[in-house]
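For reference, the structure discussed in these notes is given below.
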Amino acid sequence: MSTEAAKEPSMLMQKEMIARNYEAITSKHETGRKVSSTFVPGNLNELLMCFDIVNNLPEINAIQAGMRKASGGYIMEAEKSGHSEDVCTYVKADIGQMSKGNIAPNGKPYPDPDVLMLSYTGCYTFMKWFELLREQYKCPTLMLHVPYEGDGHSTKNMRDYIVKQLKEVVIPGLEEVSGVKFDIDRLRGYLKNSAKAEDDLVWCLEQGKHKPSPIDAYFGGVYYIGPIFTAFRGTEDAVKYYEMLRAEVQGRIDRKEGPLTPEGTSFNDQKYRLVVEGPPNWTHFREFWKMFYDEGAVVVASSYTKVGGMYDLGFRHDPDNPLESLADYCLGCYTNRNLPTRVDILAKYVEEYEADGLLINSIKSCNSFSAGQLMIMKEVERRTGKPGAFIETDLVDPRYFSAANVKNRLESYFQMIEQKRRGGGSKTVAA
Amino acid sequence: MAVADIVKRCQDMYEDLNFTYAREWKAAKAGRKVVGFLPVYAPMEMIHAAGCLPLGIFGGGDQMEVIHGDAYYQSYICRIPRSTIELGVTGRVDFVDGMIFPFVCDVIRNLSGIWKMMFPNVWSKFFDTPQNFDPSIGGDYYAVELQELREGLEQLTGRKITDDDIRRSISLYNENRRLVREVYAFRAKEPWKAPTSEVYVLMRAGLMMDVEEHNQLLKDYMAAAAAEDRPKRDNVRIAIYGSFCEQPPLNLIKSIEMAGCYVVEDDYSLVNRFITEDVPVDGDPVRNLAMSFITHSVETSCKYVPKLGEKGKYHVAQVKQCGAEGVIYATPSFCDPALLDRPMICSALTEAKIPYISFKYAENSGQMQPIREQAGTFADSIKLWS
Amino acid sequence: MSAIITAGIDIGSGCVKGVLFRVDGDKQEWLAKFTSRIRNRDPFQLAQEGFDDMLKEAGITASDVAYVASTGDAENLKFSTGHFYSMTTHGRGAIFLDPEARSVLDIGALNGRAIKVDEGGKVLSYKMTSQCASGSGQFLENIARYLGIAQDEIGTLSTKADNPEKVSSICAVLAETDVINMVSRGITASNILKGIHVSMAVRLAKLLKSIGANDGVVLMTGGLALDAGLLAALNEAAEQEKVNLVAKNHPDSIYAGAIGAALWGAFRHEKLARLGQAA
Amino acid sequence: MRCFIGIDLGSTTTKAVVMDENTQVLGRGITNSRSNYDTAAAVSKQEALIDTRLTLFRRALGGVPEVAGKIDEIISDLERNFRHVQFLEQLGDLEETCVKNIKGPRFAGKEKGVQETLAEVFKRLRAGSDQLFAVGGKRKSDFFRDLAGSDFMTVGEAVCKDAGLGFDMILNVYDKSIIEVENRPPSGDMEGKFIRALEKGQMANNLIAKPVQDALAIPLEETYVVGTGYGRVRLPFPKEHIRSEILCHGLGAHMMYPETRTVLDIGGQDTKGIQVDPVGIVENFQMNDRCAAGCGRYLGYIADEMNMGLHELGPLAMNSTKQVRINSTCTVFAGAELRDRLALGEKREDILAGLHRAIILRAMSILSRAGGVKDQFTFTGGVAKNEAAVRELRKLIKENYGDVQININPDSIYTGALGGATFAVRAVVN
């Protein structure tokens, strides 16, 4: 990020982990390690670790570029080379970055990946994205097709299909790329770590039920999920990170404190509690966040913190059923759930976290999230009786962030909640 | 029948947003069911074998006023899901007993969920075909999915679907696909005799009527069109890609033809051309359907291309085969699959030295002037200099 | 092959343009021209009037003209012999005006078009801007009016900008509000206009790049061709992008479409004559 | 007396409402929003205070038995004359400014001719103004820019032709100057102008002078001002004086029609659907997204394209016999669409009818998004003045939501400001 935000120890640790991973990626020619590019939802980090492969996530790189305010230029670059204005800006940020030297946040060039691990979970665009990258890098591409839970649940056929692909496509492919033989016990070991970290993550996210909430499950949440959704699930580091995070959250609960804002103050005066659906905007992340805490709005639960796995619904990676649990993990990511299920989840959050309502940040780029969100809002409003609100931004395209527009809607929403709260008493309105 | 009569009949059906044909078909016999499906592919044999009428629902076109549909979609999402919702909300498809939402993209995928919430009493299915094309992986998976579809349909209709039922349907649809291929070949050979504005409605109507009836209609059309004396114009031959899902308004197709282009190949509403060869009739019919999909289906933006370097090869081969002089890559606005594919397909075309242009449309586009200008310049450029 | 006279008529959304040429093999002589702004009048009527004026000026009658070629929105022009689409004609017209040109930017009232041509005016590739055109001539015109600036002052003012203010909105309506906000923040007209020019230039540069026009002279045609501010912004954009493009204009740029039509008309006439089916 | 003021700074127009402490409306004022928001707010407030004076006059005259039954006539006479005085004052300012603006290379050597032409133009404009403000005179708009502008074009073009001078030059001076004049709030001295208006009038001066002067003497104290609307963040008000326009529209509609449950507001750049509860509290709302398609500005573009006043669009569309279907409501391409259709031989009124329907269809979608239409339904905002739009809305509401009572108030454009003023009263009185 451009300006330094106030940091807690867990944040510093995460920062250091990320830096180390970028170092591992960009120094692959020196270390001889292989690099795989892959996606957040349904990623197979533990499996990749079994082959000593370093994990690079273009989505995360796009976010980084967004936060560094570089994405706008990358997107323009991609559009100039023939990409449409209409399509997902993560893809364009990634493609544009390549033609602009492909420099990682640590200032070194990204090396070409040795394998594209295409986990096609929850988003159609992933498939096109890696087809595009494949043209560029001409490297092996391993496709793991994860069927969509269209009827609201997974079936045995889906699970078998995924496990079969793991056994017959993904694992042999990774063996070939890395030259390392697959050892299922190694995988079991990593999965054990995963499950442990997952327990702590779930605990932290659930503390949003406190008043004041010791966490911000959206703006803070994107940091909390960092390690587990990316290159660190399965590592000892991740286990440690979540222990640390848990202790910090516990501390805030004990002190009856809210989360830390980027300005370093505790956000204790929480007037509105929100559930948020949809990813955040990255190009104006700080400004966007400020619009919330300035008005006293804290996010107590969000769906974005579930894109890389819905651990709060009980799923854990399972060392006893390694491949099957990987399959279940892929199937269960948030955007791989059908709309009725998403409504159930969000309505449940509004109720269990005693929120004032559901706010949807609808992202232009992302059909997977966005197509249908208005229906989601209607349904959640109907079920919970709490008002919803709808704002529109984009992930990493600065052109689609209109601060005045977003602020206008947020303010109207907060004032409406406020007015409604007081409404009961002030029947004195002159007619 | 004369060409004009056949075309009129088809066009009336195509424009009929109340689906009178399907309503009457259903009413004609007690217990009949209609199963709707969206672009871009549905195993119609299975629906047919269940005794149901497969009904292609391809948006609302440019004649429908969308009010409630827009309430469900942001401005940056294509048109087809909104007009489909409008069809639903306004009761125009209230007689449809089941809906199949194919694997096209995330928009259609999420639409399937909206449908479930809006119309809880309609049997609906998101139909996820495999993106792994290994017979023993994707094939096995797909066979089970088809089997589940079969069971779903059995529950819907309350009657068993036997293997022989499916085999009978397969042969009818094999004939349908064969005739469709013949019409396309006829048009590619003598495009002035089979303008695309006619062929298009002929195909669209076919996705809304009984397959045997359509088979007859296809034969009639070819006979009538061959007999008709139509002048050959100084037009160029082009292929259209990118329009597989949300369909362009008929006026757009006419505008392209008016601007001096003969369309000799296209990917409009692919359904009846999705499987490119006859499905074997003998043996396990479910397995046969699955294998045909795995091994003999078109390449289009919603299917993964497993091999490096294969992207766009299919299109180049098609263009060569039908003798097109150029390609118009016309996509619906905000159509991610087509738009993300565009750079890859177009670079394959460039490599093969096939000229192309690209533009976007919406099913309700009203302004044709820019379309005429672009298609016209394209035609000019081929005419004047190649 | 004797000399023939051809006419080109270009009906746009803002103006009607026409030219009259005598063509003798490779020799082309420009006989007459006219423009008239449409301003709610019937463009076909204006075309007829302009055509008649040209004939008078050249001292000939309609029957002396071998081929009347229409372009632009003139497919339905009654007295035309044939129609060419606008990108075909702008390409040819540009080469006539500046033989060095290898690409053309035609910026009209509503759409922008980028055309890549070879030395004979043959169109190699092209693209049009689509909807949501805050960079259209119409938009600039509205803003200028709002700022109280005459059309021909826009360019000069824009080149005087010291700190251009970016217009971020994609939509012209919202961009209008952006501009109003700028005025209220005390931003000068120069900086506002330049800001608009810059954002237009960026879009146009994108358009050029997408048709593969990466070097050589870009000739601006159409209504905004003579806007010095846009020209400067384009050249700056090219420099920033490190592409070897030089944007230029020509005093007669606005006639490019009509010229191209007249010349292709001559070409076509000759071809038809050769085939013995003179039109 | 204590005055409570709501100011709604819209993207097209700025509206102000003055209320007394019993939430009785005293006055309304409107002006076009311009580049300077402070000025727009100041002008609209001034206009509302002028209107307040008129209300006070009316009250005062109520006590004069001799004028019973003639009060309306007197007040409108007074107002007309007041407007005329104000118009002449601004015209004078415009002329002065124009003369000042004759400079720069394009005028080199022609200054004198231009100046003389201008003098002639303004002379004619002044003369024409008598008719403009005569009893029953029809004015195209209430705004100086529109009034002066349209006449300037016709008169100017004629004068230039006679003088053999290019009209472009005069137009250029005008364009520059009108902005300056607009951004100068008209001079205060309301009292003086009223006195002059009084003198101009044909009414029995002696009878009404006294009560009018008494009413003029009542001090108008700005007790509390609430700002709302699109440009509210730019108002130099402390935060607690700013309210979201959604809440203000909801409350404003409730004040006019307490039984209102659904409100539709179509303004210049946004369309809002609002649901309110029985006490005027907003329950839900939706706005158009970032695309401004189908908002009021759309009609503005069309009017420009057709060279007509906004007032005239509706009536023309009402003449349509066969509606043309228009699918795109993109504001920018509205003009192109119009030309396209005209070229296809469609009639202007039929196309216009189609365009109006297109706008209302969009509004219907936003209403649907906001949860549909409940009884009673209130339509507010500038577009509510347009009868063709209203006709389509009535049709579509009936088709989609059945028999719902539809409220449209002639003062509906002030709804937001009315809500704001109510909030102002509440802030002090409750």
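Things to note:
For clarity, chains are labelled A, B, C and D in written order, and residue numbers in each chain start from 1.
Just so it is clear, a contact is a pair of C-beta atoms (placed from the backbone, for glycine too) under 8 Å apart; a residue touches a chain by one contact, two chains touch by 3 or more.
Since the model is a prediction, treat every value here as computed from it, not as a measurement.
Comparing the centres of all chains, each the average of its CA atoms, the largest separation from chain D belongs to B.
Of all chain pairs, the one joined by the greatest number of contacting C-beta pairs is A-B.
For this pair, chain A with chain B, the centres built from the Cα atoms lie 36 Å apart.
A separation of 48 Å divides the Cα centre of chain A from that of chain D. Note: centroid distance chain B to chain D, computed from Cα atoms, is 51 Å. In chain B, the residues that touch at least two other chains are 71-72, 74, 333, 360, 369.
Residue positions 81-82, 374, 392, 402 of chain A are each in touch with at least two other chains. Multi-chain contact residues, meaning those touching two or more other chains, occur in chain D at positions 289-291, 333, 336, 369. Chain contacts here are complete: no pair of chains fails to touch. For chain D in complex with chain A, the touching residues are 22-23, 230, 233, 243-247, 251, 254-255, 258, 277, 279-287, 289-290, 369, 371, 422, 425-426, 430. Residue ranges of chain B in contact with chain A, taken from their complex: 71-74, 76-77, 81, 101, 105-107, 109-114, 116-118, 125-128, 130-132, 134, 136-138, 140-141, 144-145, 148, 301-302, 304-306, 308, 311, 331, 333-337, 339-344, 346-347, 360. Within the complex formed with chain B, the chain C residues making contact are 73, 75, 84-88, 111, 122-123, 125-128, 130-131, 264, 267. The touching residues of chain B, counted against chain D in their complex, run 62-63, 65-72, 74-75, 364-369.
Considering their complex, residues 76, 79-82, 399, 402 of chain A touch chain C.
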